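Notes follow the structure.
Chain lettering (A, B, C and D) follows the sequence in which the chains are written, and residue indices restart at 1 in each chain.
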Amino acid sequence: MKKLINKPEDLVSESLAGMAAAHSELIKVNYNPNYIVRANAPIQGKVGIVSGGGSGHEPMHGGLVGMGMLDAACPGDVFTSPTPDQMEAATKAVNGGAGVLHIVKNYTGDVMNFEMAAELCQAEGIDVEAVVINDDVAVKDSLYTAGRRGVGITVLAEKLCGAAAEQKRDLKKVADICRQVNANGRSMGMALTSCAVPAAGKPTFDIGADEMEIGIGIHGEPGRERMPLKTAREIVGMMSEAIISDLPFQSGDSVIAMVNGMGGTPLIELYLVFHELNEVCKGKGIKIVRQLIGNYITSLEMAGCSITLLKTDDELLKLWDAPVHTPALRWGA
Amino acid sequence: MLQKVYAENKTYLTELDSAIGDADHGINMDRGFTNVCADLSKTDAPDISALLKTVAMTLIRTVGGAAGPLYGTFFLRASTACAGKTELQAADLVAMFEAGLAGVLQRGKAELNDKTMVDALNPALAAMKQALGNGSDVKQIMQQGAAAAEEGMKNTIPMLAKKGRASYLGERSIGHQDPGATSSYLLLKTAVDVWG
Amino acid sequence: MKKLINKPEDLVSESLAGMAAAHSELIKVNYNPNYIVRANAPIQGKVGIVSGGGSGHEPMHGGLVGMGMLDAACPGDVFTSPTPDQMEAATKAVNGGAGVLHIVKNYTGDVMNFEMAAELCQAEGIDVEAVVINDDVAVKDSLYTAGRRGVGITVLAEKLCGAAAEQKRDLKKVADICRQVNANGRSMGMALTSCAVPAAGKPTFDIGADEMEIGIGIHGEPGRERMPLKTAREIVGMMSEAIISDLPFQSGDSVIAMVNGMGGTPLIELYLVFHELNEVCKGKGIKIVRQLIGNYITSLEMAGCSITLLKTDDELLKLWDAPVHTPALRWGA
Amino acid sequence: MLQKVYAENKTYLTELDSAIGDADHGINMDRGFTNVCADLSKTDAPDISALLKTVAMTLIRTVGGAAGPLYGTFFLRASTACAGKTELQAADLVAMFEAGLAGVLQRGKAELNDKTMVDALNPALAAMKQALGNGSDVKQIMQQGAAAAEEGMKNTIPMLAKKGRASYLGERSIGHQDPGATSSYLLLKTAVDVWG
């Protein structure tokens, strides 16, 4: 395992220090408990939006804190959900009296820790609503299991809810938008290589030089299936088929598409993947009206990509085009 | 003591978690109990209940992941269950364990055979209750519990995971021992050595 | 070698197709000869800025075409300089009567091909000036050799010259700014892993699990020195020392800093590197007033980073803060 | 013919370029001469000069890198040097080669022992001139040239590169054969087989 780090146990805090130094006009970083918060938080009368999760997915979530997106992000240790004390402190720091939305990715740990945090905050009279994101079609959904993982849609939901909150919509409305986005979005990921958790010191899984994992999550978990490496066209075909047939997306739909890099895949390949995705969508009469192409929800240095499609409408498009100014996502400002 | 055990088993648990999870369970447990040690040495708790509460809060604050809230809740409920007590009878111990497990079930909503720590904790409780009924002493009760937990842990190997990260693997989760069930067994095993 | 591609020989054109589909409001893509050009080119009375180089460095250069930056970019085959016909066509496409600046990275191939293109354009009466960027302190400079490579400063020069051209400064002034930036900027890079040229099919160099290359370029060339892997603090110490002592940068200087990822290094590590760089600079009384942190001038999937420092003044800062809207760099618009 | 040669030597040249360059020389030459073939089959050039001009322009358009402009310029100058000629005497051939090399030197500004293609082309020219002086025929002249180019190519191994990408390696460039010198030797060797 080769990484640009000092001691594994210092990676998260030293990386946070770099963010604080680089983006002081946008964000402030609080240590123990660790959270990243908008420089001008709390904003009176605005719904606060808090998300969080294990580290190693950068720029999500810390790089998405700022005007028009998140008010705070709670980074856990690498691939380990943050703890209730972080979420409680972040929630209090962004509470402007209009309540706070917790955007939670559906992982047992994240869900339980955010639950505990919400209980603590509500006990102190803070109006907290939580929406759990579960968009990963690679996982069979079922009432009896942990259900689907929250992946790419999280990024889009944070942008869209952030825009709605910026417009001073109330907590119920912002939470409704989050649920709508989650209900109309689907994702799937794949990996060419594993990643190595710094403290573990070696790759989470071994994979052959001619193999790939289809249906991976964002924590180096093995995927649903190991298969021989295929061409980008075949890979995008498989992934987009799984995504499109699941909602299902239909001819005439307008979508926001994200081609996301897992951290170790170069941009030249991601644009090629977007080209293939665009061809598939054109063939099915699905119109990509907006897109994100790059590393947004990553898995350390893993090579691979994920595809996310969100069925959209005029209201969502307006929210998408609204100004955003965060370390990782910026337009109109 | 527990800290030492989890420090020793850090890699073991993490490797179990690499197979069907995200390779951090050992790291999380080690971090948690290292902090528990530190915090306990700082605070001198008036009674067992207060001591267990410190353990619970520290675990909740420092373990993270799924294990943090679960073990945290376990010790929190155990703490409440022995509130006010200055010394523990065998019956108290079993009652505390029962309360702890109830907390884990409530928080995690896992059922038996979902391939989680519950599959170690649940048989352990059953065995402890039985031993208590047979009038065994604390040490025997813990031994019975640990033995049952070990068996329960081993039984997770053929299970198909329905809860936690391992459930994402579907069929591929079969054939691997559950990390959390393993850390639960270690918890009991250590308790035996302590109370022994 | 595992990549998300179809046939290696189609990578560049299929990736260009993805860019064209994703950014039609910003850019147009021309094939044979290949170049990416601003959608609204040529802009009458504005100096046109053309750059180019081998592919595999994305987002540079194609992702830097747009308002306030490049007017056109010529992508060669992977790591192979583009050819004069591409540069000639791109130059003509962006010539708005105020002349065209060629920003050329100092590699024998790039320099010779741009030379030939300039000769062809001048022969047709187009006013072309070329500035060669050579900021890589890892290469010993000398009159008798090919000299230093052009690396990170290229990105900063393209932003700053683009802003100057947008303000309708004349060709001489824009070229002067480019020379000033090149004269006041220095860079150095390092690698943890090699990269694999798709058509070659295997890593360009082998490197041990505990080794790193210091002083690499951006084409998978081995660096100046192979050494045991060190901590990020030690690595940043070595690189920043080489950079700072070369200009030299001095106490009291204000700098624009770039911590650039080589393509396979995750953002969490790049922010840690920025933290270490910031500490070094603080210690020397050098003030980082602006920064870029991310993948800007990459080497396919190589893991590693480069550090660039540019001594700046109020004029350059104004140009830096001016609006820019390209696929990869965007603010104020 | 040359196309076949470079196709066969694609990996060889690219591996040489991996050691001290950026692993593309073979790919570039192969791409270039594949296109030359295609273009020549399309255009039937009136004379040798026109034919060489097509070769030059195609190489400039399709090889890229350092080799593109250099070999392109080589053939461009050779083309000018035989303008109007319908058949070539031994002397013409040597004159064309001399003109081509002059173009390479002007474009690349490399000197002898800089570890470039010049270190193969330059001795080749010398040998060809001498052979011409001795009244050898075209085939012998080319053989002498190729032999000298091969020696020059081998001599690049101990050289420290001063031009091109390899120069970035400084001392580390020593001990590797220069890819461009190698492709130049292959150029002559093939010429021998053709005119043989």
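Worth pointing out:
Everything below uses one rule, namely that a contact is a pair of C-beta atoms (placed from the backbone, for glycine too) under 8 Å apart; a residue touches a chain by one contact, two chains touch by 3 or more.
Keep in mind the model is a prediction, meaning the values are calculated, not measured.
Put simply, the C-alpha centre of chain B and that of chain D have 74 angstrom between them.
Chain A and chain C have Cα centroids lying 29 Å from one another.
The distance from the centre of chain A to the centre of chain B, each centre being the mean of the chain's C-alpha atoms, comes to 31 Å.
Within chain B, no positions touching two or more other chains are listed. Residue positions of chain C touching 2 or more other chains: there are none. Contacts between chains trace an open chain of neighbours here, each touching only the next in line.
Remark: the chains found to touch one another pair up as A-B, A-C, C-D. The touching residues of chain B, counted against chain A in their complex, run 14, 18, 20-24, 27-28, 31, 60-70, 107-108, 162-165, 167-170, 172. Interface of chain A with chain C (complex): residues 1-7, 11-12, 14-19, 21-22, 55-56, 58-59, 63, 192-193, 209-210, 212, 229, 231-233, 235, 263-276, 278, 288, 291, 293, 295, 298, 300-301, 303-305, 330-333. Residue ranges on chain C touching chain D, taken from their complex, read 33, 54, 76-85, 107-109, 112-113, 115-116, 138-140, 144-146, 149, 197, 199-200, 204-205, 217, 219-222, 224.
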